[in-house]
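Next come two complexes, and both contain chain A; in the first it sits with chain B, in the second with chain C.
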Partner chain A sequence: MYKKLGLDPPCSPPILLDRTKVRGEFGLQVDELSGQHLYACYQCGNCSSGCPLAQEMDILPSRIIRLAQLGQKEEIIRSNTIWICASCFQCTVRCPKGIDIQAVMDTLRQIALDEGVDHFGPDQIDSKHAAEVPQPGLVGVYRKLST
Partner chain B sequence: MKRIGVFVCHCGINIAGTVDVERVAREAEKMPGVAFAMDYIYMCSEPGQLLVREKIKEEKLDAVIIAACSPNLHESTFRAAAEEAGLNPWQCEIANIREQCSWIHSDRKKATEKAIKIVGTIVGKIRLNESLEPISVSITKKALVIGGGIAGIQAALDIADSGYPVILVEKDSSIGGHMAQLSETFPTLDCSQCILTPKMVAVGKHPNITLMTYSEIEEVSGYVGNFKVKIRRKATSVNWSTCTGCGLCTEKCPAKVPSEFDRGLTTRGAIYVPFPQAVPNKPVIDRDNCIYYKTGKCKLCEKVCEIGAIDFDQEDLIIEEEIGAIITATGYETLPIADLPHYGAGEVPDVIDGLAFERILSASGPTTGEVRRPSDGMIPKEVVFVQCAGSRDPERFKPYCSKICCMYTTKHALLYKHRVHDGQPYVFYIDIRTGGKGYEEFYHNAEEEEGIVYLRGKVAKIFRDGDKTVVWGTDTLTGRNIEIAADLVVLATAIVPTESTAELANKLRIQTGPNGFLSEAHPKLRPVECINAGFFIAGVGQGPKDIPETVAQASGAACKVISLFSRDHLEQDPTVAWVDEDLCSGCRTCISVCPYDAREYDEEKEIVTVNEALCEGCGSCVAACSCGATQQRNLSDSQIKSMVTASLGGE
Partner chain C sequence: MAKVAYYPGCALNERSSHLDRSARDATEILGFELDELESWTCCGAVPPVSKERIMNLIAPSRILKDVRDSGRDMLITICDFCYNTLKRTNFSIRNDDIIRKRVNAFLADDTPSRTYLEEDTTPWSDYEGEVKVVHLMEYLRDELGYAEITKKLKRSLKGLKIAPYYGCVMLRPFDEIQLDNPENPTIMEDFVRALEAEPVKYPYRTECCGSYLSVSSPDASTRLCYRILSSAMKNGADAIVVSCPLCFYNLDSRQKVVLDAYPDFKTIPVFYFTQLLSLALGVETDRQGFERHYVDVSPALEKIGNSGEGDKA
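== the complex of A and B ==
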């Protein structure tokens, strides 16, 4: 219907929630690969507020965790957040519930790569800007690709 | 002329931040009659009080004015200090320069001018203050507790244990209240019945407690220490003194009435005991639903009762009692689902309220604790809990937070999960409020370890779709709307005062607030007392609260009653109305304006007298008296004139 009318599909469709999503494959996979417990998160937002790259992300880190709790895999692996994340550990050291959010981000990148989702690679940085990219950022990019 | 001392308090920065207290003291010193004035940072502290006591002696003061906070707070403190220094307590007055001046103004210059005027009015008044003695009244050391829920039970037991007789009045046929309906209690999950029923039995057996269930308050007159109470003992249609409580009549009754105790999930007979652990465990006939009372035929209960305890002709009985203090513990109801049209208005069968879910979870409930939904008995796999159903909604329903729902909903979700392992509970909430010992930990465990999904947002609509109950809500944490095809929906409906609270409060002449809950005398410092002396409150009737808080408040109210009864005479403020018998024309206008029934017509003298024990000193009769016969002690017409003059800047 949207196509017929020449419109974009709705950007915030309702989440049809049931027990296969909240306790489903995706959540379990994230928990298992990261060694973290997603449901420990009570959405205080400390990871987002302390994230030095939050302004570049389309979805804040705390909301990524929230979407993962509700089994929203597609939305997460298509976000730029998991690739913008520099694995700086700010979120992990701030989390009052002791969740290693960086490990969750790593896991989400892994899942995205497994799904063959497009990502940002070091070859896309032109030489002019490469010198300005902070070293940890560059290391992060390679790390993401090698995990 | 009296030598008056003025003591101006800074109250830290509460007063001194807005009012130039030193200037107030300097200006006060110039007022006629003022022999001494000073300011001090905390007048109510021990060093502050010591200053007052010392200056009374050193400066040979006859009267003192404390310019500080409201007399509600520290009048008694400073009167006691003045008395200790040898003054009559009624030679001490408070000039309120905090609540009525510094707190409500910001312009320092104007506030200071006003504070000076306030002090001036009190100087004008105190010049003419008489020395008074408190009025002594005798006291009947017997308490009345209204309401037999956990609050009333606790209060009655505490008073009875200290040796004073108590009458416990309950409108239903058994005590126990809502707590008897609960399955388990947060955050420890101990069984409600297991902790409540022993207390119910203790009430039934206590030698100092007279239990009057199926009874209501008809009329209350009198005053603290000397109330006269009429109690209506409603006709039970069963002779309780011979009834053995065998239960045969309740089994055989052919009438089918939705059980109030089971929230309509089961039926009861017209002759019934509300629940098996009832105290007293005796049946009553609900005449509105009894086939005999409706059609004149049946009397099956009479036929099966071997001892002939059924008495269809029994009438209501009015009992009169003399009482010294009254505790009102009238409890709560929940907002009916019928009032919530967006949540199905009670017409969707699998949308129930929290108390109904308590019955479903209860081992003694309609499903013996197995979670089955009302429509078809199916074990629900997707259960949605909706918080703030009518609470925190000032535009449409109730503005306040019902306080216990966050915790009991978490408990519900947890208990559901314990029973249906493959089921999924969801909780829609606006905020999760877990202020209480062990509460936050309880909630965290539920969310983190027990797999309960919390969704932050209000539910907009609930409707039936086939055998599913569809919930349209939102989750503001993802910024996405949520749709759940649920098998069962449990609403945490708003807590409201019981229907009879307003009428009862009227009879007792105690106050209720804007939402119908009983009002305490002071929200912090007098949380269990009413404004009117001799009345106390406990439990949810005063405002939403959980069981530990209710029990604490009930024990607090009981303690106040016990402390009242520990004296042989009560002392009352003598600043009441009095009548100049030569001037009184006997017109009785005062009787019609007195809110406390304190004015009585003396047939012999043809004048209207004042019952000093009843008079609260409100001044209504003084203002209404057309011949100036009625005056109020220490607030005489000449004192008021002098105060008005001072407030207008004269002397």
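== the complex of A and C ==
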């Protein structure tokens, strides 16, 4: 087994489906907030195969979409996938069903942020690093990963 | 000299001021001036999360409306993040009635000249997306023409193999940006050819360098940068050319970290496209801010024989 960091294939844990969650409002809420039609996804996996950061994620982007369709909010907001996504739009331009997956990711991030703590705050960056990074990086990270 | 409205954005104003300066030097030689807006604010760097978050559209809309109100219909930006944010905001205002109405409701409130309504004869014109947002590279391609650049070359970059790096937000999402093919772009390759250098094709030219992850998950960004940089080198590149301050930071400064993590790695110089342009148009090497690069650029400059005074007449 190849053990180099970042090269292990991501594997999602098995989940137990129940009627209340699957029939719940979560999928529709994501649809409405992102302006996308989530249920159009037929799991071709194009987004996951093109994602440059898929190796860093615990749940692949296509599986995130499936989990959202099934109303698995807890699984999604506990995953690191939504915080690793760099909003590079690779999935968006490649989706054969025309779903703006990046907008869905943004929406999921927003839902997770509304639920609880910020993923990344100003205290988590050392001042020397912060003095060097161009401002779009700093503004971007705080807008995407904190409330 | 023709003047075009120019929005530098925060990075070019300070931490990437060498990108700004080389762009101004080059455009002056090419016969137009980057006319910086009298007042501007941050554009917000990333477009809003969802259509509900109308607040995130206000800053870029205000910038665009100011350009329109000053009687101009084109705005040049260089930073890819500003370009993406401004262009996508403009697209939303043009194509979405509800967004247009809501944004204009906010903009009407914060315009100070509207306090004396009786005397104010200018119409309450809503901003409807009239301004065209262009990237400097797009302007060079479509308005000026790359052939025009080749005519004005003082130094040919012949012999230099350059790998263009597009990054993410310059090309995508295609529906709204419409700059070039998102999977097989040619705008930078053509630019490199216009400078008489040789473009290098490599598979990672449109892959993300990690963008803001270099702040929140630096290790992930390091691995991405290693992939991009080593792929460019494997295909024979002497240097990489970028247009975005954040791509530059990730690909240049991060090579320090990449070197520690991957012992087989060798550094490769990274240039802004404006630096190559102004070099080729005859601007001195010491005006390019090369001392601010982490990776020494002199191996690339030696290849074209102009690290010193050996300029082509």
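The rule is short, and it goes like this: the second predicted complex is superposed on the first by the 100 of 147 C-alpha atoms of A that agree within 3 Å, B and C clash if a C-alpha of one lies under 4 Å from a C-alpha of the other, contacts with A are read in each partner's own complex, and residues count from 1 in each chain.
The working rule: a contact is a pair of C-beta atoms (placed from the backbone, for glycine too) under 8 Å apart; a residue touches a chain by one contact, two chains touch by 3 or more.
Predicted model, so just to flag it, every value in this text is computed and none were measured.
J.: Tell me which partner A:G116 touches in the superposition: chain B (first), chain C (second), both or neither.
T.: Neither chain B nor chain C is touched by A:G116.
J.: Does chain B (first) or chain C (second) touch A:I15, or do both, or does neither?
T.: First partner only.
J.: Which touches a greater number of chain A residues, chain B or chain C?
T.: Comparing touch counts on chain A for chain B and chain C gives C.
J.: How about chain C: which of its residues touch chain A in the complex?
T.: Residue list for chain C touching chain A: 9-11, 14-16, 42, 44-46, 49-53, 56, 79, 81-82, 168-169, 172-174, 182-183, 206-208, 210-217, 219-220, 223-224, 227, 245-246, 248-249, 253.
J.: Looking at the complex, which residues from chain A come into contact with chain C?
T.: 5-6, 33-35, 52-53, 55-56, 83-84, 86-90, 92-93, 100, 102-103, 106-107, 109-110, 119-120, 124-125, 129-130, 132-141, 143-145
J.: Any idea which chain B residues touch chain A in the complex?
T.: 381-382, 422-424, 426, 444, 447-449, 451, 453, 455-456, 472, 475, 477-485
J.: Under the touch definition given earlier, write down the residues of chain A that touch chain B in their complex.
T.: For chain A paired with chain B, touching residues are 12-19, 22-23, 37, 39-40, 42-43, 62-63, 66-67, 69-70, 72, 97.
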